[in-house]
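Structures are listed in the sections that come next.
Same chain, two partners: chain A is paired with chain B first, then with chain C.
Showing the complex of A and B:
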């Protein structure tokens, strides 16, 4: 494989709360390769959005490093950091709160270019070009975000992310707030843009169906730790980690003849990230948990073919 | 009213005045049957009028939105029939919460943040029944137990913010179920929850329905949820029902171009993942500019002259399958 675009090593991020330290991201390592779509999946509260923000350094890690093209982002300051950030953009879930209501659409999209010091005439030209690429009309330039529907606003958010011509776009639940017919339009657009500009996506989502459609590889996260990293196809066809299997089995299937009895469903809810279970963090919800799981934390093991899994008792492979 | 129906909605039209004093109808000429002990799905995208239909049945419309036409026949406990669209607000208060109850999408906003969940559920009982506080508390704890809340005695004293989203939704379900209503309206009950918790809540609803001989109207945008727990399905588009069938029939013989589009637009967890996703072109017509012809014709790949001039009626094409479309269909 080629050199990774992003390499995250031993990332740790704890948050303080009245009840104690919340272990949002706890010793997480993985790579993102150029041109791929890496999906980051898990339940709400598992730390996937925090991890996304650590990667683009909207949050600073307590320890651990993120390198972009081999350069440690933690060592950068001032203009060097600003420069690096142009290479990493983010699209947020809620297209209603992530656009400044006082800016016109044109100004929203031009803002990252202005910050990068692009001259006004060039800015306008590039914004118009971007608007065409994401399927907005030219006359939308002078309209305000509130005049647009959710799907159109997400197009504006995508155009803004594309403006500084980044290599990586972190997409934090970009289609979760949209209706299915609009969701399909945005997913198709994202795929097309990726093919046109050789973009790399870190696609954060809890929707397993969307992830299967859009991603090449998948990272499964549970309570601040990674469970499994593998090609998307493997995760759906023969997962190694029981959590991966259960997450996929929970997804509702729009087919009445689908055999629902054969599914492995999760019981209970996410344990507290302040006092996570000892040993494997998944042990309290895992049907295969043994004493070993309750005491010894499993390490990430390489199973070949780009498949990594942290489990004492991985699922049998056909 | 047919003997196996709990609710029969006929010609329901709910309107709201626009700025120019004209009336717009987010719910227009809805016929809807809820058979006894069945789960009926109401599917559609945001703004199609599905929640407004439910709120019309519950008579929870915010002024100046009101029911302009139509009847909502409801079979009461003793067997007598009443028209929910015509009775007084005072009478409705005796029905709402007791014989018909509702759960909402967002369990955080549906609960009062400053009252313990136990007290909130207890209120639902004491509002309708003359019962001592301790007896009511016992019933609340039993209801918590029935919906699978662990440690119900301790949870009784918890505030909503101390509970997870899944537990909060269970509290809302307990509140809706505590008086054993004949009819439950669930408005996107799992949309705000994780898939793992969603599967648990759907299983719970199925089980409660069997235990209590209840009918459910499930409002959702998710066809996967429909395939999982519904018996019959109604698809809504721009304020109208455009297709109605039993679940298996609807998925096997999808007739309306809008329903077909919806089915093809969803990415699947299982099955093929090649190629582009199907998209429905264009957007839903706005309330103030509702076409008098077929409301889907501007987005429909099969639209013809007739579709642009006339409104299709909801016609029966066999097997109890209704569709609002002019296209010929094979039997």
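Showing the complex of A and C:
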């Protein structure tokens, strides 16, 4: 495979709270290759969004590094960092709070260009062009975000992310706040834009139907740790980690003839990220857990074919 | 065809600018009949307060004693009647607007400046600084404000200056808390993160996102608090700890009227109405502005 665009190594991020340290992201390493869509999946509260924000350095990691094209982002400061940010943008989950209510659509989309020092006339032209690309009308330029529907607002957010011509766009649950009919439109738009501009996506989601549709590879996260990294097809057809299987089986299946009997379903609640279980963090919910799982933390092992899994007892492969 | 093109070019040229936010707010405010009425009344009062100094002489018309005209009911000669020293209540109420408006506006403005500095810096820096400052503010809020003001006036001395300082000291914690929460609410919005991610500098983020989004709620809050200040000032004067007789401060006038309430109710009614009307006007204007400043109404 080619050189990775993003390489995250041993990322750690803890948050302080009154109850103690929340281990949001705990020693996470993975790579993102140019042109791919890497999906990051997991339950709510497992640290997906934190990891996404660490990648674009909206949060600073407690330890570990993120390199973009071989440059360590943690070492950048001030204007060098601001310049590097142009290369990686983020699309947010909430299309309402992610747009400043005082800004017109044109101003929202122009913001990264303004930050990059693009002249006014050129800015207007490029914003117009971007608006056409994401399917907004020319006369929307002067309208305010609140005059749009959720889907249209997400188009505005995407146009803003696209403006500085980034290589990577982190999409933090970009469609989970939208109606299902609108989700498909936005996903198709994102796929089209990816093909046009050779974009790389880190696609954060908990919706496995969406992930299957859009991603090439998948990273499964549980309570601040990665469980499995593999091509999307493998995750759905023959996953290695029991958690991956359970996550996929828990997605609703529209086919009424589908055999629901042999599904593995998740039991219980997510353990506390302040006080995670010893050994494998998934051991309290895993039907295969042994004493080894409860004491020794599993290492990420390479199973070939781009598949990595951190489990003492991976599922048998057909 | 060419005509259409020209039109389009114009639009593009126009897009480099921006709509005028002040004009937008004014346009919305005008559609609030009650707030507009309050605004007109208040402007009239401010004009009266300024004009009063030119129309009437303080020594001869406002404080001089006319024994022959004592306790007259309202009439054509004395619209609001006269008080127990024979002074015209109408002139005194009009003249008194100077005190109340001045104290109300100055106290609110000064408190707001302190409140913004303390509240915004707490929201921005957070951590131990925030915790320590906010606990101090909480401690001040714990003491009943009237008691604290009385104690401060006793130390600082009666009169305008002592009163303004005491009132400012008492009202700053409330401001700081509200402004802190307003700023925190804005800082944690995703559009701030989006601005950071797009490489916008901190200074630009504060100038272009945080200030405009905080300005509206803070302004409304200040306007609403002017009425509170006017009432506090009147209360202090009523307790003879503020503006001293014979100066025609509304609270002081009410204080003088208490013992004659049954005999000459007009002595209490007119200054009382003046306090009520002024406070109400500020509140109603604040109400109208809340709606007019909402970006969703543009």
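Keep in mind that, in the parts below, the second predicted complex is superposed on the first by the 318 of 318 C-alpha atoms of A that agree within 3 Å, B and C clash if a C-alpha of one lies under 4 Å from a C-alpha of the other, contacts with A are read in each partner's own complex, and residues count from 1 in each chain.
Keep this in mind: a residue touches a chain if its C-beta (ideal position, glycine included) is under 8 Å from a C-beta of that chain, and two chains touch if they have at least 3 such contacts.
This is a predicted model, so every value here is computed, not measured.
Upon superposition of the two complexes on chain A, no clash is found between chain B and chain C, which fit side by side. Look at A:248: by the touch rule set out above, it reaches chain B but stays clear of chain C. Once chain A of one complex is fitted onto chain A of the other, the partner contacts of A:43 are limited to chain B, with no touch recorded for chain C. Of the two partner chains, neither chain B nor chain C is touched by A:15.
By the touch criterion defined above, A:256 lies against chain B but remains apart from chain C after alignment on the C-alpha atoms of chain A.
Once the two complexes are overlaid on the shared chain, A:33 sits clear of chain B and of chain C alike.
Rounded to the nearest 10, the superposed model shows the Cα centres of chain B and chain C diverging by 70 degrees about the centre of chain A.
Using the contact criterion defined above for the overlaid structures, shared-chain residue A:265 touches chain B, although it does not reach chain C. Taking every C-alpha atom of chain B against every C-alpha atom of chain C, the smallest gap after superposition is 15 Å. In the superposition on chain A, no residue of chain A contacts both chain B and chain C. Against chain B, the residues of chain A that register as touching in their complex are 43-44, 149, 179-181, 183-185, 187-188, 191, 206-210, 212-214, 236, 246-248, 250-258, 260, 263, 265-267, 269-270. The residues of chain B lying in touch with chain A in their complex are 45-46, 164-167, 194-200, 202-203, 221-228, 247-248, 251, 261-263, 265-270, 273, 276-280, 283. Those residues of chain A that touch chain C in the shared complex are 53, 56, 58, 82-83, 85-86, 88-90, 92, 94, 97-104, 106-107, 111-112, 114-116, 120-121, 124, 128, 141-142, 144, 146, 157, 160, 163-164. Of all residues in chain C, only 12, 15-16, 18-19, 21, 189-191, 193-201, 204, 209, 212-213, 295-296, 298 touch chain A in the complex they form.
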